[in-house]
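Following this line, the structures themselves.
Note that subunit A is present in both complexes that follow, paired respectively with subunit B and with subunit C.
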Partner chain A sequence: MVWALIFVALAVLFVAFQFDTAFMLQWLPFILAGVPLTILISVLGILLAIPLALLGALGRLSANPVFNGISGFYVSFVRGTPLIVQIFFIYLGLPQLAQYAPGPLQNLFILGTITSGVLALGINYGAYMAEIFRAGIQSVGHGQIEAAQALGMTRAQTMRRIVLPQAIRVIIPPTGNEFIAMIKDSSLVGIVGTQELFFRASKIGRQYFQNLETLVVAAMIYWALTSIFSYFQGRLERRLATGYVRERGGPHGH
Partner chain B sequence: MGTEARPVVSLRGVRKTFGENEVLKGVNLDVAPGEVVVIFGRSGSGKSTLLRCINLLEEPTSGSVEVAGIRYEAGQGNRRKRNTMREIRSRTGMVFQDFNLFPHLSAIENVIEAPITVKGMPRAEAERLGMRFLEKVGVAEKRDEHPIRLSGGQKQRVAIARALAMQPEVMLFDEPTSALDPELIGEVLAVMKDLALESGTTMVVVTHEMGFAREVANRMAFMHEGNLIEEGPPAELVGGAKDPRTRRFLEAVL
Partner chain C sequence: MQSIEGIGCPEGIESGEASIKGKNNVHRMQRLASLVAVLAALVVVSACGGGGGSAGGGSAGDGGGGDLLQQVKESGVLRVSTDPAYPPQSFQTETGDFKGFDIDVAEEIAKRMGVEVEWQTPSWDVITAGNWNGRWDLSVGSMTPTPDRRKVLHFSPAYYYVPAAAAVHESNTDITDPATDLDGKTIGVCGACTYEAYLEGALDIPGEYEYVVENPQIRTYDTDSSAIQDLALGDGVRLDAVMSSLYTLEEARKSGTPIKVVGDPLFYEPLAAAIDKEAPADPQPLVEEVSSIINEMHQDGTLTKLSEKWYGIDLTKKQGA
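Coming up: the complex of A and B.
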């Protein structure tokens, strides 16, 4: 109900400020064309963030001072600096170091905008998600670890076979939230020139001095994207909440 | 005359302190092959700690632990110590008061987990072996159920099968029936009795089920403030304890 009123109010404003809807419709396909890249960057970013978060979490929980120190530094440094600085650091800062690298390796320091963006997002989100993974791992009761150890399992086996499969259930829902947040943050990658959603919107807006229109289009698309993923994320969360029960009633194959 | 069989479990001077609190004060204990030893005593006297020192879930502060000929000395160097601990644990089965089944695994998967990961047994062979033990404890028809769908008694019987599947030299039971509803205690005690009397399993059992102890134990040992102060066959100890502290405790629980 309240939403309906808000929409009506917005529509009135729309008319009052003479929004150029024809212009918006005209450029909608061009802006929409950035969606696949936005999603690609976010998917790759989260895929990079997950192993980093796992390593970060294992490091924070490790008794090994070197491993613990490295992951502590990673989490603290990345969380303590802005994402946009990290993106520029990788995209613009790294190439400056290329001159010190031996010839064949120099190209490794000069990265495209998409690669830089994915790296920055993955590294950044990995640091935040390390806390999620750590909480997930710590949510598994000590009795589980003792039971595994009493059977003669090594620490690595215990982690892989007993702790992580249980921690996953705790880790997946907030990771879904992080993915949704990353879709929005991926717009920062547009600033270094990746042709994603936000880059396209702001480019057209600036070109025709109709920023308001293109920004509204971009905002609506981001909103639609995050709403869709939130819906699936909610369903996944409910399924995970049902506990360790197999679907019943299906034919059993034994 | 025949030589005494070498003990399966041999503790010498086992001391354990938690901070200032000396919980075990130099315990000696030998358990012969096929023998059933029941340990009893007041809450906080150190029974669980003693049991957990046998499979090194607690590392003794000083003293030595020998299981199936594998010797652990308190204060050994790190790498070697961990291997020794694992070897001892894979030859020791432990049953916990609160089951500690792996909730993400079905009954059969709980049972075959360690034979596969620790012993590297092929899955098919592990399943055959696992079913044998699930049958032995009478829950074969629950093979594909997750722990959440099992009653307390069934859970504990699966936990016993899980420990047995490693074919340990000795089974340790830490108050295996005290988390169970009264009407479920019998089914677990029956399984344990069968293990002791029919299968000749070497067992160390912490329990206050005096009926079980009298029927099944070869020897009962009374734990008091970190020492095993008196031990003997149930027939002699119950009613004929020499130490007044043992006598008082037995009078209270019988």
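Coming up: the complex of A and C.
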């Protein structure tokens, strides 16, 4: 209801400010054509972030000082620097090091815009998600671990067979949230010249001096994308919780 | 705990129950396979090349033997960088096609080399900074060969000349002659471009010109159109004036932006194609090839024709400032 009023108010404003809807419609397909790339970058980014987050979390929980130190540094450094700096570091900074690498390896330092973006997003979100994974792993009751050890499992076996399967229930919902956040952050990859959603919107806006229109179009598309994924995220979350809700429909979850 | 299925993680649970070594190994293999799949996907993406508008492999720069020209001819693809926010030089249509004077010139160059163009859209300052690392081969982007750029880029002969002018908000009345009225004013320009260098008194390009603006307050933007947009907010709101190409300013005015060009052009910029000096493969033969094609296009009237098509007049002859 309140939303309906907000929409009406916005619509009135659009008309009052002579919003060029014809222009928006004209360029909508062009801007929409960036959506597959936006989603591709986000999906690959999250696929890269998940193993990094798992390693980061295991490192943070490890008693091994080297493993613990490396993952502590990774989480702290990556979370403490802006994503845009990391993207530029990989896209513009790394190639400067290529000259020191042996011939065939040089191309590993000179990455395309999409690869750079996926790497930066994956590494960045991996660091944030390491904390999520750590919390998930720590949520598994200590009694379970003791029980596993009593059965003669090694630490690795306990982790793989007892802890991670249960931790995943805790980890998946926030990971979905991270994916949704990543869809938005993938717009930063447009700055190095990837023709994704935001790049297309900002180029057209500048070219025709109608930034407001194209930015509104881009914002609506991002909003639609994140709403769609949030819906599935909500369903997934409910499904994962079923085993733990005691009274159906009651407010008391476990 | 009610049911294991409710947890929604059949795979993990299964491996938790399977204590048989063989089964466990199979599971590990699966995990390895999925990791390999992710890496493979990354490799595919990187092979698809960075952000070009058109599809196609970016294989021309991948090490290999031969000079840059040879590599371009072998791959049949000339990778050209362009900043498609500058009509009528370079812009994109609704369907994503690249259009404009620079685009036509680049496609003609490629045609005469017997190859296809693949467009890449890095930002302008990344193009002018050189060290392209073999990500693209050539810039046909109305670039002025300044001394700084000459340190990192090879330039072809100029393919046309564009007048640089100043514009103010249309409600402004006290700035009429840029030679006297711009002193001490806040002027917007694109960062790392010739207009900024001109205002700083540090422009060093072929041709004659005088620095007539004293003590300007320079505001730099990522691109000319952002500066123009800020000027359009009102006289003196964020900017008093903008310096840019006469045609960029005129184009903005034509599309309804409330600005007006004042006075005569301040200088004429020769604009040329550029090639990275530090290209992984020897760039010299490509520089020579592109230069001789541009000279050819001057002589046979192709450039004049293209200039008239996009600008309405012939800008390809050297003009006195």
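One rule holds for everything that comes next: the second predicted complex is superposed on the first by the 243 of 254 C-alpha atoms of A that agree within 3 Å, B and C clash if a C-alpha of one lies under 4 Å from a C-alpha of the other, contacts with A are read in each partner's own complex, and residues count from 1 in each chain.
Throughout what follows, a contact is a pair of C-beta atoms (placed from the backbone, for glycine too) under 8 Å apart; a residue touches a chain by one contact, two chains touch by 3 or more.
This is a predicted model, so every value here is computed, not measured.
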Original post:
Of the two partner chains, subunit B (first) and subunit C (second), which one does A:219 touch, if any: first, second, both, or neither?
Top reply: neither
Original post:
Touching A:195 in the superposition: subunit B (first), subunit C (second), both, neither?
Top reply: second
Subject >> Touching partner for A:149 - first (subunit B), second (subunit C), both, neither >> reply: first
Original post:
Is A:165 touching the first partner subunit B, the second partner subunit C, both, or neither of them?
Top reply: both
**OP:** Counting touched residues of subunit A, say whether subunit B or subunit C comes out ahead.
**Re:** C
Subject >> Touching both subunit C and subunit B, counted on subunit A across the two superposed complexes >> reply: 161-162, 165-166, 169, 243-244
Original post:
Residues of subunit A touching subunit B in their complex?
Top reply: 141, 143-144, 146-154, 157, 161-162, 165-166, 169, 243-246, 252, 254
**OP:** Would you mind writing out the residues of subunit C in touch with subunit A in their complex?
**Re:** 1-4, 6-9, 12-13, 15-17, 35, 38, 41-42, 45-46, 48-53, 58, 62-63, 84-87, 91-96, 120-123, 126, 131, 133-135, 223, 225-226, 228-229, 232, 252, 255-257, 280
Original post:
How about subunit B: which of its residues touch subunit A in the complex?
Top reply: 55, 57, 86-87, 89-94, 96, 98, 100-104, 106, 113-114, 117-118, 144, 146-149, 162-163, 166
Original post:
Tell me, which parts of subunit A touch subunit C in their complex?
Top reply: 26-27, 29-30, 33, 40, 44, 47-48, 51, 92, 95-96, 98, 103-104, 106-107, 110-116, 118-119, 160-162, 164-166, 168-169, 172, 191-195, 199, 203-204, 206-209, 211, 236, 239-240, 242-244
